[in-house]
Amino acid sequence: MDWLFLDAAFTGGSRDECSAKAGGACWAVIGERLNLFTYGFYPVAERWRVNLSLVLLIFTLFPILFEKAPYRKYALHIAVAFPFVTAWLLVGGLGLTPVETDQFGGFMLTLVIGITGIGFSLPIGILLALGRQSKLPAIQIFSIGFIEFIRGVPLITLLFVASTMLNYFLPPGVTFDLLLRVLIMVTLFASAYMAEVIRGGLQAIPKGQFEAADSMGLRYWSAMRLIVLPQAMKISIPGIVNTFIGLYKDTTLVIIIGLLDPLGIGRASLADTRWTGLSTEVYLFVAIFFFISCFGMARYSQHLENKLETDHKR
Amino acid sequence: MFDSVLKLKTTYSKEVLGMRVTKFLVIIAVLFSFTVMADAGTLEDVKTRGKLNCIVSSGLAGFASPDEKGNWQGFDVDFCRAVAAAVLGSGDKVKFVPTTNKTRFTQLNAGEGDILFRNTTETLSRDADLKLTFLPVNYYDGQGFLIRKSLGVTSATQLAGASVCIQTGTTTELNLADYFRANKMKYEPVNTETNEESIVAYESKRCDVYTTDASALASTRAALKKPSDHVILPEIISKEPLGGAVRHGDDRWADIGKWVVNALIIAEEMGITQKNVKELAKKSGNNPGMNRFLGTEGSMGEMLGLDKKWAVNAISAVGNYGEIFERHLGPKTPLALERGLNASWKAGGILYAAPIR
Amino acid sequence: MDPIASLSRLWRDEHSRSVIIQILAVVLIFGLFAYLVRNAIVNLEAIGKGFSFGYLQEPASYDINQHLIEYTSRSTHFRAMLVGILNTLLVAVSGIALATVLGFSLGVLRLSKNLLANRLAHIYIDYVRNVPVLLHILLVYGIIVNTLPVPREAQSLGDIAFLTNRGLFLPKPIFEPLFLVILGLFAAGIVFTIWFRRYAADIQRKTGEHYPVFWISLGAVLGIPVISYFLIGGPITFEIPALTGFNFSGGMVIRPEFTALWIALSLYTAAFIAEIVRAGIISVNYGQTEASLALGINHGRTLNLVVIPQALRVIVPPLTSQYLNLAKNSSLAIAIGYMDIVATIGGITLNQTGREMECMIIVLLLYLSLSLLISFAMNIYNKRIRLVER
């Protein structure tokens, strides 16, 4: 505790200046590089775009997360528009200065990967879950094969495939942006887990519901869309949030293929001759960041669970 | 219960359908991806892109590391800038691709970088089996050992039984195994992915000795708490000629890389510096060699497929070899490296670039 | 009949439609697959790389600090891969064991009526679950390496074992041939116990009579081998580690990389297991316990025979996926230099030979087999404890 606060130095230009001031932790490295930890190498002049995206994110999430939001009716429209607007804001083009994706970094990168992963894995996960429950053997086998393959290997091996081998599988001459490849892999990874969560929800639906839908003459997609999925999704919400927390934590693994998320920025900072040897401070700072955001999400999930439970009892 | 189901229906029903998913993916892919047809050759690719993709280390003080503003700095970084300046006219038209030891070659081969400057040792197997073409050596290095003075070791032959920190995926790893085997000594390898991790392990005394290229050892030693407590052992157990590299099979592009490196070395021999290069290039002088270099005579640039002023651009972007060295590695930097082997052949070193003629 | 009408009829018929959809799906997916493979072949040819596993027979030329089987830098890449596989298995199996023990204890603590224990367990679980496992590994490793003494100032444990930041040095047992007898007795004890438990259960079912099964089993498995060990005269000698030069030599060593990975993975997974166990025990209706007690069955047997079997049915499926997660997370070993599959065949070998395609295929297949193996074992267990519906 003394080391953390009382004996710690909060300012200074290098590790030596820190240790000259106080014997404890040297937080000056965080202070100096806070911008780097937040925005990565995003051009200074364009950082308002990142800030604006964050505001948009909050604006989008608010009606989804809280029932009492005044503009909840439009939640879906906003959620659909959000990815396009932010992608345009962050990447640029069409009037904005283009920013290369390798300049993304820090907490911003964590959010980009996390949000994209969850946003796209949800629909893909639903399709996979339906595929796995499908009566058509070919579809079922492919879904099971895909889900079990993805779930059977660690994420870092998939990321490594994305960073080293994926280009070999594309037509000669075509290359994909590294971040895009990572986003695809993370999305595929998350959708396999999402599919299993949603399958749990589907299995919990009583058979009578399917039969009732059939007896009303609903086609497969209509039955799923109107009867089964709304109930299944509701049951799976806590599981979905947990999958998201897992995915969010897993974004730290991208440092292994050279993307600079907060942990990566921390390590790069440690390579600066002025700051070497401050690993504990840097790791602790990143740990606190993750703890706060994940704990928040976990609490929200619990809140949902409690709410759903009262629903059932009613 | 029933009306909550209805409410949820409106929230999810539309999201479910596959059409939207595919539409999303396609549009995002278009927004994000920079799909390039590379068949035209690397030079044309770089020119159309307007940026050079240069593979560097993700962090090695003095050679390549980002400063607090996110600008890349270092010896290798300046070679990237020189190539960019020669090809595109500006040293800022570079996109740096940070890589680890492990991913550097695969990323080069996969086309994520056009050129690699990443304190990389030239070896036969990398040349022939990993399908790289090496550019002229830009730093002559050798593998050494860094150790605490308090352990009382004066020679590498006394290292039997020691724990040795090494970076995986390097030639040093293989040299180390060979060296200890040849000297019939045992050791415990402590593997790390990056230089930074090695420093951490060494400082915490997880290992007794840290072995890597002598230049990196100097930068490591300078960064330790009390550099005078540590000593670099006299033995240099290997030759480590570090140089840039490009993919096999594009000779024109390899030539450009090769001659930019040569030009930086020759500029030092001729006394052309970042300051005086613009002045000198204004008119042709009496020195034909210098005229050819500066593009005031002959068509050296055109032969390479570049601008007449390619060398002038490179020098005005980063200076000559000596200036780059002084700026990032020389005595005034924390690394405080001597020129040694890396002095020009006229000053007792072995830097000897082929002539521009 | 015109073709469009007959096609639409085919589409409207449920059976033929499902056949069409499936054929389309098969063609699409195999087509995509073939396309990717073709691209890979073209691309590999373009840069002049072949596709072969011949490099596995060449010398690896690098050293590995922790090898459970004989290995030198002259061994082949294939052997380096085996070393990596064994290291992964070692940390996965020991991690699963420790995580299970810790997780069950924490889960029970979370249900404890002791407020302090309950709160502490809760705080611990919340902290651990919400920080990435990679950070846990780095932190634990940092703590071990930075706080433990260097070999020359080693913490001696009774002069036979030594604790340092290079690892825990333990005496190494050297077995003499007679030790085989003890091993044989031990195996016989296990076989006997399995038979005896069945026999005792049978007797109990028929006559209601209890045997002291636990004590008899203990005697058979441990008692007889231990007694005969001393009777034979202790056919094991120990090689005690000694400080020579930089490090301890002789004996066995448990390296800090292993310890850090093992502890961090176990602590992380245990937090998840604790929540699963808690949910499992809560799911058993308290009426079950009351009913059992009312029948005069004592507390211990109620827990063993009534609560746990029912809770296990809820616990085992999510527990399986936690085991899988632990095994997969062991691949993060690469962050601290523990030489597992990813670090050997997927790391140094890949890097020194430049065979990304071949190496990554091997790595993916190895992890898939490991996952399948765990799933398979847990499924068998799950079937055994499943509710038998009549």
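Letters A, B and C mark the chains in the order given here, with residues in each chain numbered from 1 onward.
Just so we're on the same page, contacts are C-beta pairs under 8 Å (C-beta built on N, C-alpha and C of every residue); 3 or more make two chains touch, one makes a residue touch a chain.
None of the values given here were measured: they were computed from a predicted structure.
**Q** Between which chains do we find the greatest number of C-beta pairs in contact?
**A** Chains A-B share more contact pairs than any other pair.
**Q** Which chain would you call central, comparing Cα centres to the global Cα centre?
**A** Central chain is A.
**Q** Take the average of all CA coordinates in chain A, do the same for chain B, and state the distance between these two points in whole angstrom.
**A** Those two chain centres are 32 Å apart.
**Q** Averaging only over C-alpha atoms, locate the centres of chain B and chain C and give their separation in whole Å.
**A** Centre separation, chain B to chain C: 40 Å.
**Q** Could you please state the distance in Å, as a whole number, between where the Cα atoms of chain A are centred and where those of chain C are centred?
**A** Using C-alpha averages as centres, the distance is 27 Å.
**Q** Return the residues of chain B touching two or more other chains; collapse runs of consecutive numbers into ranges.
**A** Touching at least two other chains: 106, 200.
**Q** For chain C, which residues are shared contacts with two or more other chains?
**A** 46, 142, 334-335, 356
**Q** Please output the residue numbers of chain A that touch at least 2 other chains, ranges allowed.
**A** 164-165, 167-168, 172, 256, 279
**Q** Under the touch definition given earlier, write down the residues of chain C that touch chain B in their complex.
**A** Its residues touching chain B are 46-49, 61-65, 72-74, 142, 145-146, 150, 165-166, 244-247, 249, 256, 334-335, 337, 339, 343, 347-348, 350-354, 356.
**Q** For chain A, which residues are in contact with chain B within the complex?
**A** Listed in rising order, the residues are 32-33, 35-36, 40-42, 44, 75-76, 79-80, 83-84, 87-88, 91, 93, 100-103, 105, 120, 122-124, 126-127, 163-168, 172-180, 183, 221, 224-226, 229-231, 233-234, 256-258, 260, 264, 267-268, 270-273, 276-277, 279, 311, 314.
**Q** Which residues of chain C touch chain A in their complex?
**A** Its residues touching chain A are 18, 21-23, 25-26, 29, 36, 39-40, 42-44, 46, 126-127, 129-135, 138-139, 142, 324, 328-329, 331-332, 334-335, 342, 346, 356-357, 360, 363-364, 367-368, 371-372.
**Q** Across the complex, what residues on chain A touch chain C?
**A** Going by the criterion above, the answer is residues 135-139, 142, 149, 151-157, 160-161, 164-165, 167-172, 245, 249-250, 252-253, 256, 263, 279-280, 283-284, 286-287, 290-291, 294-295, 298.
**Q** Given the complex with chain A, which residues does chain B contribute to the contact?
**A** For this pair, the touching residues of chain B are 1, 4-5, 8-18, 20-21, 24-25, 27-29, 31-39, 58-62, 65-70, 95-100, 103, 106-107, 110-112, 194-196, 199-200, 203, 219, 222-225, 334.
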